[in-house]
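Please find the structures below.
Common to both upcoming complexes is chain A, partnered first by chain B, then by chain C.
After this line comes the complex of A and B, so read on.
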């Protein structure tokens, strides 16, 4: 017993020392003219590809800006916390970042977590710029902006894209009824499909409790003779669908939105062929020809073991450059000035950013307007179509 | 034609439930306890095969055997460490312990493999079988059904024809009397756990092959469904577990196909409630008069 008490007290002493050190580290940074940008997103868990991509993309932008001497003598620093897509954890992460001196928040990577964070950011009055929170409420307050498309936008744009560019007229939808993101896109898609003369032959739902076995839904797709399956869902569930479609001998093309980005990682190296022919709506294609994209893909690959960036990485990168643009527009040179928050938020509706994901401008709603592109997956790479 | 496909998909899903339900029902019949960690043994089996085949690059046959051996040992060890000391304790204590073991296994897998889903290795090459334009059969479904039928026949023969099997029947009927007649109760319970867990490993294999991806919580939902199947068929009754599992799979898949994909679980549980209202011991359960 004595021994255990001894070990316990040793552990406690060590913990106290460790906490003491980290607290010191936190205070030291706040004095300098370094803008702490706080990111929150899933770095572990089923949806971790989204968070990791955003973090890596944003880090490249931060490094580039700092290497060029910062903006108006302000250096950037990115701090990123894991929320596992959980709203409560996201709010905790937000508070941790505020303690670490965060001045601008990248909100959260996924919609549910981001909405929870907007409430906190509103109280503190800081700029929130989410790279990928696509649900409408992610920009519900005046201080909140986003880089990606909104869910309703994605539904409408997807239907437009299919009607205008593809030959398929009979569409089946498989969507996640327990997920607001999926339901939001589906509703707008169905409405726009009617306008554009697309026929919805099957609308098959699943829920978070029934997201493993899709044999009934796929059989329905086959029976209705659908020419294309619209998948407004996340990559995790889509991986199950692609695998089962193959064993069931169903060769209908699939079309998805930003949630499908990361499907190659989810499928794993053995199954890359399953994604062949899958199309997805994305504002970013890694094989695009412009120098900006080429450079980003090159740096990203060098820094992260040859990984190819997806749209989440591009969103993260663009978010950092948008913050830079806003600082330049507002002429801020002291991040500790009392009017920092109001100045940078006002500047957001005045900037035009030519990013990796297109040329963006923002209005009062906080939503970016830009063009959509679609890519087709061929042998493990995204090819623009 | 699509009805046949849906029926086969349902039978295949039901076969998986039946394999798992057998483990629940045998343990309940003999040890009179609900082993809620049983679902997670499936996950352990799937991860063992994943590690053997994908990480250590063993051949499919060796990987599958490794998975079955690990699960069999795991079942026996769980029984020895967690349940045997509680043989005389109240059923509630044992139930809580089983839930604890379940969480332990899930958390252990989470620590070792992380929470990302893993792609299960293709141990066999499953090409769809094209009977004609309308009817395409999934070869993984056919294999699941075929192997399950074989296992069930073997298990029935084992229980009714061998000495060990009859000892299991004797213990399930009356533990005290069996002991007086010279049956080694502890050994019989260990064998029951070993058989149940090895069947769970086979179910884990089929889960991995059919759905392609596994994670630390892979076993949770099939485990619950299989428990429902065991109750539906009459818990403690081996043919009942087979019938319950297969019925559950077919009902689930047909209600998904013809009624509603969202309500399939609600329909499954509604069927369970109706069956239990009409026949409280389950479809094949026997009524046992308790002496006061």
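After this line comes the complex of A and C, so read on.
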């Protein structure tokens, strides 16, 4: 019974001491003119693809800027912390980064974590620019901005795109009821579909707990005779759906949003053919013809073992260049200046950034306005349509 | 009898917590605490409350439940919905404690609803049913409109802080240690040790089981409310079975039936992955290895003997023995 003891208490005290003092030496970089940009996202767990992509994309941008001599003599440094998609851990990560001298935050990669971080960033008054936090509240404060589309935007744009460019009129939806991203898109999609004269013949929900067997939902979809299946979900579940749709004999096209990005990786090398004909709405296509994208894809592949960047990597890359643009616009040349935060935040609504994910401008709400591109997967690559 | 209620063993536990609290407070006041440490204090405190309360069921009642996160979520949503509704009307000093009590009581009600039918089950069956309960609660919350569904509940005032958590930890410790040392506590332990013998002595098994279950649920609910007031977003997805298992790991690691062990293990389990942040990519790997090592060490008899010698309680006994030896001499 009385198992517990001096040793464990000693460990506890040491634990506290170690964490208490570990960060004391962390502010050394503040004297130099190096801007510490802090990123937070899932580097482990189910959604780690997104965090890793953002981190790698942002790192490339930081390296490029530093190689070119920085901005107004300011060098960039990226520090990225894991949050395992958990809000508490994201706040811990945020505070770790503040200890490390962070001046600009990339918020968090996933929405829930990002919302928790906005609260902290508001208290500190620093610029928060999330690459991929798509829920509305991710930019709820004046110092918060985002690179990606919001969930409602994606729902509306998807419905518009299907109605205007495709022949399908009977749409089935399979969505993740336990996921804010999925629910947000679905709600707006249904509303916009009604306006555009699309018929929603099936709306099948699943929750992340049951996300490996979709035979029931697919059977429903098949029975309704849908001409297109809308998948406003993440790639992990979509990979199961594609595999099981083939078994169920469903041959209609699938249409998804940016969460579907990464589907090829999730399907694995043996099943690439399953993704043929899948369309997705994404602001970034790795096979686009412009030199910027080509360069980025090339550098990314060289640096990360031949990986092909997805939209999240592009979002991360654009976020860093947006920070650069804001610094240039505000004419900041000393990151330790007292008015650094106000200047850079004010500049955010004045900049225009031509990024990988389109040409972006920001308004007071913090949302970027830019065009969506639709791509179709053909033989394991994204082809713009 | 009275003397036993506040025995030295419990006083040492309180002492450790108070000492740790004072130590950290001094760090914070003198500006020596990193922001990372300060952010970790509330989550650590929450895990202490959760582990100590779960220990009542797992350690003292001897039943395995995996639904603690379920009670936590029920309490969190009840307390936070109340707090959001009265955010403008009531001052924080009234609203926050009230929210905690409401969260705790709602969790109690669920504890009774679940407990009455479920506590007839034993062992694995109880574990499975409570696991299912936690998952059902989570699914319901996700599918309801007023809880914010999957996107989470936003707008709870951020009132949690280290000092409030400390007060709640102390209340939890005092209530649970005293309960364990009381008549009811001995009845609860007797159910664990020999159910048939306990029953033959006329102990009302269902009543005492339910009592332990409901009290544990209450504190889990209170912890949930504090959790909800610590972040600006409350997502049902955090209360999945992994959360319940995390709490169970703390209890098992600290030693079932050892309150002080739960406290210490809660600190270690919460702080460890955060401390390993500097290891970057190897963080979760090392964390898992350390956990396995600690579990093995905890189970080893050699280490147990060594621990026995190094025990703070043992030190007191040693001093006492010396004193009595002197008196005798």
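Everything below uses one rule, namely that the second predicted complex is superposed on the first by the 359 of 385 C-alpha atoms of A that agree within 3 Å, B and C clash if a C-alpha of one lies under 4 Å from a C-alpha of the other, contacts with A are read in each partner's own complex, and residues count from 1 in each chain.
Quick note on the criterion: a residue touches a chain if its C-beta (ideal position, glycine included) is under 8 Å from a C-beta of that chain, and two chains touch if they have at least 3 such contacts.
Since the model is a prediction, treat every value here as computed from it, not as a measurement.
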item: Contacts of A:119 with chain B and chain C, given as first, second, both or neither; value: second
item: Which superposed partner A:207 touches (first chain B, second chain C, both, neither); value: both
item: Partner chain(s) touched by A:69 [first = chain B, second = chain C, both, neither]; value: neither
item: Touching partner for A:81 - first (chain B), second (chain C), both, neither; value: second
item: Chain B versus chain C as contact partner of A:225, first or second or both or neither; value: neither
item: Partner chain(s) touched by A:236 [first = chain B, second = chain C, both, neither]; value: first
item: Partner chain in contact with A:183 - chain B first, chain C second, else both or neither; value: second
item: Partner chain(s) touched by A:91 [first = chain B, second = chain C, both, neither]; value: second
item: Greater chain A contact set [chain C / chain B]; value: C
item: Chain B versus chain C as contact partner of A:216, first or second or both or neither; value: first
item: Interface residues of chain A shared between complexes with chain B and chain C; value: 44, 177, 207, 209
item: Residue numbers on chain A that touch chain C, as the complex places them; value: 1-9, 11-13, 15-16, 18-24, 26, 43-44, 81-82, 86-89, 91-96, 98-99, 111-112, 115-116, 118-119, 135, 137, 176-180, 182-184, 207-209
item: Complex contact set, residues of chain A against chain B; value: 44-46, 48, 84, 177, 204-207, 209-210, 212-213, 215-217, 219-220, 222-223, 236, 239-240, 243-244, 246-250, 266-271
item: Residue ranges of chain C touching chain A (in the complex, touch as defined); value: 9, 16, 20, 23-24, 27, 32-40, 43, 135, 139, 142-143, 149-152, 154, 158, 227, 230-233, 235-238, 240, 254-255, 257-258, 260-261, 264-265, 267-268, 271-272, 274-275, 277-278, 281, 283-284, 298, 304, 306-308, 310-313, 315
item: Contact footprint of chain A on chain B as seen in their complex; value: 2, 5-6, 9, 13, 54, 114-119, 121-122, 126, 128, 130, 136, 138-140, 210-213, 215, 221, 253, 256-257, 261-262, 264-265
